[in-house]
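Structures incoming, each one as structure tokens.
Here subunit A shows up in two complexes: once beside subunit B, once beside subunit C.
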Partner chain A sequence: MISARDISKVFNAGRPNEFTALHGLSLDVQMHETTILKGPSGSGKTTLLGLIGCMARPSTGRIFLNEREITSLPERFLTEIRRSTFGFIFQQFNLIKGISALENVMFPAYPTGEKFSTLRKRALETLEMFDLGKRAEARIEWLSGGEAQRVAIARALINKPMIIIADEPTAHLDTKLSHEFMGIMSDLKARGTTIILASHDPIVYDSDLADRVVEMRDGHVVDGGTGP
Partner chain B sequence: MILDPSILSLLVSSLLISLMTLYASGYGVQILRRWDITSGSELQLELERRTYLISTIVSYFLAFQLVSLFLFIQTADSICHLFVGAMCAVGTLTVNGYGYPTLLLKVVTFILAGLWLILNHADNQGYDYPLIKAKYLLLLVMAPFILAEAVVQGVYFLGLRPDIITSCCGSLFSQGSRGIASEILAAPSVPMKIIFYSSMLITFAAGARLILQGKGVYLFAGMSGITFFVSIVSIISFISLYFYEMPSHHCPFCILQKEYGYVGYPLYGLMFLGAVTGLGVGLLQPFRKKGSLEKIIPAMQRKLAVISIISLLLLMVIVTQQIIFSSFKLEGY
Partner chain C sequence: MAIVIERHRHIIDYTLSSLLRRKGKNGALLLVYTMIVFILASVLFFTHALKREAALVLKDAPEIIVQHTLTGRYQTIPVAWGDRIGKINGVIAVRPRLWGYHYDTLLLANYTLMVPAENPPEPGSIDLGSGISRTHGANSGDMIAFVGHDGVPRMFTIRNILDSESQLLTSDLILLSEKDYRDFSGIAPDQATDLTLRVRNPREYATIAEKITRMYPDTRPIMRSEIQRTYDAVFGWRSGLMIVIFSAAALAFVIFAWDKATGLSAEERKEIGILKAIGWETSDILLMKFWEGTAISLTAFLLGIIFAYAHVFFTSSALFAPVLKGWSTLYPTFRLTPFIEFGQVATLFFLTGVPYTITTIVPSWRAATIDPDSVMR
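Up next is the complex of A and B:
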């Protein structure tokens, strides 16, 4: 279980433009379930995802991953957890242009020191899983929106993460591609992957995929934070 | 003051190291008073965020602190020609009353900085900042020495005048001189050799026991400290004589000069390395049961013990080969 306790996040603390994105919120996320953070822009969904995914540290409060406290970890331990536990899918996909889809997928696994041929084989298999085997050598800028989205998902899976974190994954997708994305998430859930999605798209938060919908507003959890 | 690039770099580096140590000490006081890893308070998270950066910067500064001891000696040696009567670093250090106190403080801060770096390295291996309080406590102990060294060194360099008549090492490290040096010189060489080799052998035996069985940590650390002291005395007492091939020249600094192949640098370097790593083994011992370091510290202690033993072994080899192959025979005098 991921437990966030009394989490606050203040940006630009002590400056005139100080902004509190999260106000002492607490949240439990069960493993092997899909949790959806729902709320309007500015409600703190992305900030919370960043904290859960160890991409940023809270200003106050603690986060526990399977009862291990992770917010106090020194950076090099945090990097290892981030790499091995989480797979990230970003709103803009954040794929690297100028290199191939295959290289993009392999990229997060380079620091693990895995043998290149083994890694390449696994990356190809992951792309095949999303029917992108033939597009493996294509540059990112040559891919369609749907293909780019699936490459982003493949990249998130390359290190075999326990948890997938996706921030507004359907924001730039049409309805068909959004449903396609949710289908892929369903497959991942069926394989036991824990999924945390942040979205204000009804296709996401109204889907059958959601085990829990956490509603956020102005940096607070207004519904569905803790408990079953 | 003499405007020499080495003097300027020593002054500037001491100033920077002192300022950083002061800043880190202030932070250390906060750590010692307010650190609570179980708390999720803003202060605690702020302390966690900053400690990594601060200890990284401090470790780089302290690494230079180690180098500065040798730079100081090299500087004192290289500018000796500016003082009437000086033949090596001894003359430069006796130009005023602050030369030797600076050297002594540099030796103390070298050892403390080395120990701090070992502690910091061990702390960085643990995920829960296991040695953070010990690390900053040691920094607070070290801070007055570092500040004193910067001040005394500053006064020493500012008081250097090229026209000052000073003493040469021949008058300070000869048997007619007075003070601690003369006591060492008066000691007969054979018992001193026995003490030197005995302390080395006991240290090796203690080290081997520690590496193979994991026992006798404090014995090894204690012997490393004793061997360090014995080695310094031995250099003055008999080792230097074999390099100079002169029965009455006991200077511990002339061996740093080109005429003697700069052999003093490896000798002192190995001596300090052996001492710091050996003492570091003992320093880590009280923390071996700390949860996240339970497996790391014994391995680290073994590694440090190996480094210490190899350093002292090399030191002994350099000394012994000189004693054996030199045409100079001390016992004949």
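Up next is the complex of A and C:
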């Protein structure tokens, strides 16, 4: 389980543009379930995802991953957790242009020092899973929006993460592609992956996929925070 | 261990593909960098090779040369003076030398004529420097004519073509007999160009020079160490010319490195953010930037050194020669003996490659230490 306890996040602390994104928020996320963070822009969803995914530290409060306190860990350990535990799907995809889809899928695993041939084989299999085997050598900028989205998902899965974190994954997709994305997430869930999605798209938060919907507003959880 | 090597391999792989993605920018960097290394290496190679040629010339030079001056101007010296000078304590031998220059109006070239101490050619024959032989197309056994001091041409048979370790030494040289030289130049039989002295104890050079000046106030004794010092002053690291060229190249390098240090583009920052977000550590990013700096600096360094080598030793420093050789433009042209000292190359690398690599790491370190969640916003 992931537990966030009384976490706050203040940006630009002590400066005139100081801004508090989260206010003493508590949240429990069960493993092997799909949790959806729902709320308008500026409600703190992305900030919360960043804190859960070890991308930043809360200003106050603590976060536990399977009862291990992770907030006070040094940067190196946070990176290791981020790499081995989480797979990220970003709103803008954040794929690296100028290189192939295959390389984009492979490079999260580069620092692990895994054998190149093994890694390449696994990356190709992951791309095959999303019907992108033939597009493996294509450059990112040559891919369609749907294909780029699937490459981003393949990249998130390359290190076999326990938890997938996706921030507004359907924001740049049309309805058909959005449904396709939710289908992929259902498959992952069926394989036991924990999924945390942040979205204000009804296709996401009204879907059958959601085990729990947490509603957020102005940096507070207004519904569905802790407990079943 | 295998994991560490594989990790480096992956990161080098990524670095190379990343360099290729920014072909324009990195190509321009490589070009500027190569040019700077080329200039610095050319200057280094050229001056060191010249100094080495000079050292070869001076290796067998006499310890002291005595010249005769008249109101400060150089003129021939009476051979008889050598007898008195030879009696000074510490002087082993005195030898009058006959040598001078000859301007060839046909080929616009300046030659050095000399009567050798050992094995002089028979009257009527000469030994010819390889440069003159090349420009005249003349070889052993051929006849060649030079116009003497009275405007009358003299015919000579070529005995040998001179070749030596240093082309500077022999390229423009003509060796001939004393009789031919006196006839050719018009120097009186009791006169010589200068006197050379052999002195056993180097600590006595200054004393002997002083005694000669006292004996003949209108002479100028020149010590070998003084000639060596002059070469060092002109072509050494600390000479004015070197400092000017080095300063200009170093300034260009500083501007170039500064641009690199402050010039991490928004795209590069974003890329670093993405890499961190998906699990690259700060050390991985720095390693990538280290390899990037190393790839560019090593390539530029090697290219610069190769071009400089070709420039100095194959084209006789076509770009620098007119400036560096200054007043003493030598005809016919000579080629410097290829010579590279490991120390120079290492110094050059530490002056260019290392600072460049550091300047590529510093801005990335600043970017790599930011929170990776910046890419989410």
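As a convention for this text, the second predicted complex is superposed on the first by the 228 of 228 C-alpha atoms of A that agree within 3 Å, B and C clash if a C-alpha of one lies under 4 Å from a C-alpha of the other, contacts with A are read in each partner's own complex, and residues count from 1 in each chain.
One rule holds for everything that comes next: contacts are C-beta pairs under 8 Å (C-beta built on N, C-alpha and C of every residue); 3 or more make two chains touch, one makes a residue touch a chain.
Here the structure is a predicted model, which means the values were calculated and not measured.
Undergrad: Based on the superposition on subunit A, does the combination of subunit B and subunit C result in a clash or a fit?
TA: Aligned on subunit A, subunit C fits beside subunit B.
Undergrad: Once the shared chain is lined up, is A:F88 touching subunit B (first), subunit C (second), both, or neither of them?
TA: second
Undergrad: With the two structures laid over each other on chain A, which partner does A:R62 touch: subunit B (first), subunit C (second), both, or neither?
TA: In the superposition, A:R62 contacts subunit B only.
Undergrad: Under the superposition described above, what is the C-alpha centre angle at subunit A formed with subunit B and subunit C, rounded in steps of 10 degrees?
TA: So the angle at the centre of subunit A is 50 degrees.
Undergrad: More subunit A residues touched by subunit B or by subunit C?
TA: Looking at subunit A, the partner in contact with more of its residues is C.
Undergrad: For A:P74 in the superposed arrangement: first (subunit B), second (subunit C), both or neither?
TA: Touch status of A:P74: first partner only.
Undergrad: So, A:S3: does it touch subunit B (first), subunit C (second), both, or neither?
TA: neither
Undergrad: Using only CA atoms and the superposition described at the top, report the least gap between subunit B and subunit C in Å.
TA: Subunit B and subunit C, overlaid via chain A, are at closest 10 Å apart by C-alpha.
Undergrad: Please identify the positions on subunit A that touch both subunit B and subunit C, taking each partner from its own complex.
TA: Residues 75-76, which sit in both footprints.
Undergrad: Within the complex, which stretch of subunit A touches subunit B?
TA: That would be residues 5-6, 8, 57-62, 71-77 of subunit A.
Undergrad: Show me the residue ranges of subunit A that touch subunit C in the complex, using the header's touch definition.
TA: For this pair, the touching residues of subunit A are 46-47, 49-50, 53, 55-56, 75-76, 79-80, 82-84, 88, 90-91, 94, 96-99, 103, 107-108, 110-116, 155, 159, 167.
Undergrad: Going by the contact rule set out above, which residues of subunit C touch subunit A in the complex?
TA: 2-7, 9-11, 13-14, 17-18, 21, 270-271, 274-282, 284, 371-373, 375-377
Undergrad: Please output the residues of subunit B touching subunit A within their complex, sorted ascending.
TA: Interface residues on subunit B, with respect to subunit A: 37, 40-42, 45, 48-49, 52, 124, 127-129.
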